[in-house]
Amino acid sequence: MAAQTSEAAVLIEYKQPLQNRRYPVPENVGDGEALVRIEMAGICGTDIHLWRGELPIPLPVILGHETVGRIERLGPGLTKDWRGLPLAVGDRVTWTSSIVCGECYYCRVKRQSTRCVGRKAYGISYCADEAPHLRGGYAEYILLRAGSSIFRLPDTLETEAVVGSGCALMTAIHGLERAPVRLSDTVIVQGAGPVGLAALALARESGAAKTIVIGAPDHRLALASEFGADHVISIEAVPDAKARRELAHRYAAPFGADIVVEAVGHPSAVPEGLELCRDGGTYLVLGQYANAGDVPMNPHTITRKQLNIVGSWAFEPRHMDQALNLLDGTEWKRLFAKQVTHRFPLARANEALDTVSRHMSGKAVIVP
Amino acid sequence: MAAQTSEAAVLIEYKQPLQNRRYPVPENVGDGEALVRIEMAGICGTDIHLWRGELPIPLPVILGHETVGRIERLGPGLTKDWRGLPLAVGDRVTWTSSIVCGECYYCRVKRQSTRCVGRKAYGISYCADEAPHLRGGYAEYILLRAGSSIFRLPDTLETEAVVGSGCALMTAIHGLERAPVRLSDTVIVQGAGPVGLAALALARESGAAKTIVIGAPDHRLALASEFGADHVISIEAVPDAKARRELAHRYAAPFGADIVVEAVGHPSAVPEGLELCRDGGTYLVLGQYANAGDVPMNPHTITRKQLNIVGSWAFEPRHMDQALNLLDGTEWKRLFAKQVTHRFPLARANEALDTVSRHMSGKAVIVP
Amino acid sequence: MAAQTSEAAVLIEYKQPLQNRRYPVPENVGDGEALVRIEMAGICGTDIHLWRGELPIPLPVILGHETVGRIERLGPGLTKDWRGLPLAVGDRVTWTSSIVCGECYYCRVKRQSTRCVGRKAYGISYCADEAPHLRGGYAEYILLRAGSSIFRLPDTLETEAVVGSGCALMTAIHGLERAPVRLSDTVIVQGAGPVGLAALALARESGAAKTIVIGAPDHRLALASEFGADHVISIEAVPDAKARRELAHRYAAPFGADIVVEAVGHPSAVPEGLELCRDGGTYLVLGQYANAGDVPMNPHTITRKQLNIVGSWAFEPRHMDQALNLLDGTEWKRLFAKQVTHRFPLARANEALDTVSRHMSGKAVIVP
Amino acid sequence: MAAQTSEAAVLIEYKQPLQNRRYPVPENVGDGEALVRIEMAGICGTDIHLWRGELPIPLPVILGHETVGRIERLGPGLTKDWRGLPLAVGDRVTWTSSIVCGECYYCRVKRQSTRCVGRKAYGISYCADEAPHLRGGYAEYILLRAGSSIFRLPDTLETEAVVGSGCALMTAIHGLERAPVRLSDTVIVQGAGPVGLAALALARESGAAKTIVIGAPDHRLALASEFGADHVISIEAVPDAKARRELAHRYAAPFGADIVVEAVGHPSAVPEGLELCRDGGTYLVLGQYANAGDVPMNPHTITRKQLNIVGSWAFEPRHMDQALNLLDGTEWKRLFAKQVTHRFPLARANEALDTVSRHMSGKAVIVP
């Protein structure tokens, strides 16, 4: 039986410690809603951006958009998960962070619902002051809205694999759907964080002949090697961009990578990445989630090198379906689960944020 | 019978007037070569960049890479044009400016021969001091190398239409092959020069529902209207970028263009153009031929708007085939021929260059 | 004010005359529903298949799935049309014939909702014996379900253009989205019925360089010419398939069409059509809506000619959006409106069916 | 030093034993030509079709188009292989079987050179009565024409891997380039011969989530399992097509395969294969190399299931480049090399043919 109140770690002011608050757990769950007791919540790099105030959100907010939990109460009419499997109290589930309107120009006319004008995301877009309050993952309970895309997890897929791959894996699946790796491609990944590692995994799974990861710190490059990167380049050991470029081009002989995936987030990565593509290659700008301002770029490069530059924002429920299928069907689940290196109780959520912001962890999680 | 010498207008020093020189006309034409008496040579915007020294070329050079002439002598073995039609002395022909090696990584492995590592272009890459000298269009004669892609022109297609559409049309065909306009698309073209107008023509021919051209000066915007643009925006009348953007978005309601084609050449057009795309739209960077340095850009835009940015360099012989077919089969030939507004004899080649550099003409041509 | 009962022409037994029956007009309209007074209902070729019993449907059924009418009553919550425009009583509207579940494997995982496992179509899938009965277009009233995709028609777009283009235009838009006509393509259309003419219109609008229509009878080929076909081939004048093929290849020199669109419906058209494609070409099988059994085909042709064969089923609401935009923005609306050559009152619905089944009309419609 | 004459196994009359003949080995090798001493020649399934007279060829012919040998003499000007690597006498090489004209409509305009109108293949298209006779692989020597696509083999790649994968691997690479397997796809392969196994290898390398092979005999299905098939279905154990289909659909739940690859060659495989695709899926018709006549097919299936059916013929040199890269970079070379189960001297070439025609071998080869 659910508790009467739920603890939650709440972002009240940017760059200030989260504060733990209690909110009432709803006794009655509305049509199509689900009350979920949270078992594990991932700390995403985006949470750091949110905490710093780099994206526009309503405060206060309960952070947390990569979450696994167990169904505690099911509202009327909610009998099946996104895949059509029966849902019951006690089921272990995950869900997509976003709900889209399904009716706007982007949802309907252009079928690009990640750009839905009415999109709202758990852990990001809901003000915690407004009932029903519990709309983020850094909490004991979350109340999922009707229309949420809920996925029942198979027993063969452990919670650590789901949270360890996180929204990074779905983001990378969407990105590489838009800019596919083809058999025999040479792929360079800029960034060794969760998105970079997910892109590396997908590149390898898609038949890349050679994969090169550029990033830091060393413990993450070691993870990249464990994920099968043929070469890693440390931006700490090779801080000079020109030297990095020469090294990358040596690995990606003769002319650079067929696909370069940006998973860094700093604007400066983008002009550097354009130079790592072969002529006629593809550059997937996957990591520029926060608006960090302008960077000098030379557009002549785009015309002369005949490049394709592809942006990709977030993901759709079908990418979570693919991600869970991929994890459950391969050895990758073991590797992603191993990424979960740091666990914190809800009371120590600030330590979890700090661990991620200082790049100390594989994946840090909250276990309420 | 061909003359013994050919006059040519030669670029000897950047930013200095072309000088007219005479070179011997070869009596014997080698295997697969063709001697052509030039009837009309177009002045391309790229010629202005070359004249200013903005692209690396060997001096001295006979400029001119958009040319129509008549075959004067045919070398042994050259019996058919690119399409397999018989070639004879006296035939009116045009040809692609470039020859590629056919053997390098880009020609063979990646099938992107516009990026051939050994590509050489008439009017651009050949030093006029080296025999056989006559490798550019601003001359009475040109000697075409074996392996040139020569197209015999049908009688129904007048020289003005071919030179008037110029390399701009092929460049736009290649670009829009890489970033196709789909039926019902809204298309914005930045730039009302030859490439911009060619892109406009192709967008309309491809079923664009709405076309908007942003450019100057007024006589070129009038041409854009004649080419069927639904709206034109003058950068002289609306010099403020923000105001231009608002106006363009009003025309491209509700969220911007499905495709924006950059045909300006100034780096500053690129960040402006990104803002004119709807989310999930495509930006074709078609005009950044000279290296004009960096411009501040915000890569967050690429990720957030989920854009496709496509570069395209030059064109292949098959695009000339398409261009000639398009012209010959439609009313566009009449409109492109009308672009030829200024004619100069070879002796006044400098006036021709000046006319183009001051945007005074539709298309300026040399008639030797 | 709506009448208390609505007349309807009902298919009770296959191949037997429709019978006119009366059904109650609902006084109260449920959440999201709309009661529409029908102004014009098109007779689609599929209606003939349905009448003959060639597709599995529940009898009795009110036929009619291409319809324009005026809103008589709006249910609670239905305030906007599919495009987000406000809806009011008295608005002239059309709507897609089908509603999909939005939850199945095809709707969600594969985003191909035309193959939705729970798809139901007005005029096809609803038994007229079951309340609320009024689910087809051959009637005075129709009750649209919540979730219907309703489009308010602009005043500039006359009813004849909408019904005259019918579901054929949307079907062709979907098909050619899956198998796009590219600029300069040669296109052969098999069939001069509504789908064939719609495909012809779209091919021309998409920049086809040459279009050839093969079909009958002569009055429909005359329409094809009016729609801009470069060549028409009468299957009555040239009944021999080999002779037809030679003629088509002469028009589509040198090697056949880039795209052939099948819009006939007889299985025998398909092996004939494969031979009309150039090697490496595309064959769009757009017209095989009824299961008319097997036809001998040689699969060696598919491998050797390196073909793409594309099937396409029905359409989605966004294709109706495109169709209405296309009509309203071009001269095509005038041409499609002219297709409406025969009008019948509801009492003479059987004559309308007969007219279509004997290929006597451009488009026959019922005006209740 | 090369011998003065070369033995060759020659097909003189269809369905009759090959006869061993001797031809002069040319002392002087022309511009761009290469004389190669053959080390291993594979028996391709196509050779059986040729032997039976099922494809039009000039007799007599020296069969053999999958060959590895060492360069014995190099003609003037032939200094580099297809990749630009230096070539020298003694180098171990392979080469593509075909040479294309580079000038026809398919080579130039449509860039589909596998459909070149002047294409000629070693071991297939050259009459052995005409000098220089030695144009097939079942011989001690072969004289390669100028313009052949020759690949120097790295020491790390053993001859058995190259001949063991044979033209099947390149054929499958081309096919799956035209109909790509995407990450997470379910793939069914019809046929467990060399093309089927190559398609299986590529599907797995491209991230297929599930692979199912339908074929025979058991020793080949065992190879399929060793290549990583998740399920195999024996057409001997399950001879009933309906039962096979039910079994395949059980493995490819819920609705069939995303991609089905036909690698059987019997026309009857094609209608069966269409039923194995999910709606909206892709059917790659890769194995119908010989014209074996018509088969009854229902085109309604194509429209209703909204299928993509893709044909693919042979391969281009760049696919051999990819094949060799793939083999050399992965464990697949070991598995393909293991396919070479039967070796015969040139004198016993007829036994080699017989072994293949009775499906007794993995891969049978001739070692002259």
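Per-chain residue numbering starts at 1, and chain names A, B, C and D are given in the order in which the chains are listed.
Convention: contacts are C-beta pairs under 8 Å (C-beta built on N, C-alpha and C of every residue); 3 or more make two chains touch, one makes a residue touch a chain.
A quick note: this is a predicted structure, and the numbers were derived from the prediction, not measured.
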item: Of B-C and C-D, pair with higher C-beta contact tally; value: C-D
item: Chain pair equivalent in interface to A-D, over half of contacts matched, among B-D, B-C or A-C; value: B-C
item: Interchain centroid distance [CA atoms averaged], chain B/chain C, Å; value: 43
item: Multi-chain contact sites of chain A, meaning residues that touch two or more partners; value: 105
item: In the complex, chain D residues that touch chain A; value: 173, 176-177, 180, 182-184, 202, 205-207, 209-210, 322, 325-326, 329
item: Contact set on chain C toward chain A in their complex; value: 82-84, 103-105, 108-109, 111, 317-318, 321
item: Chain D - residues contacting chain C, complex; value: 105-106, 110, 112, 114-115, 178, 254-255, 262, 267, 270, 278-280, 285-313
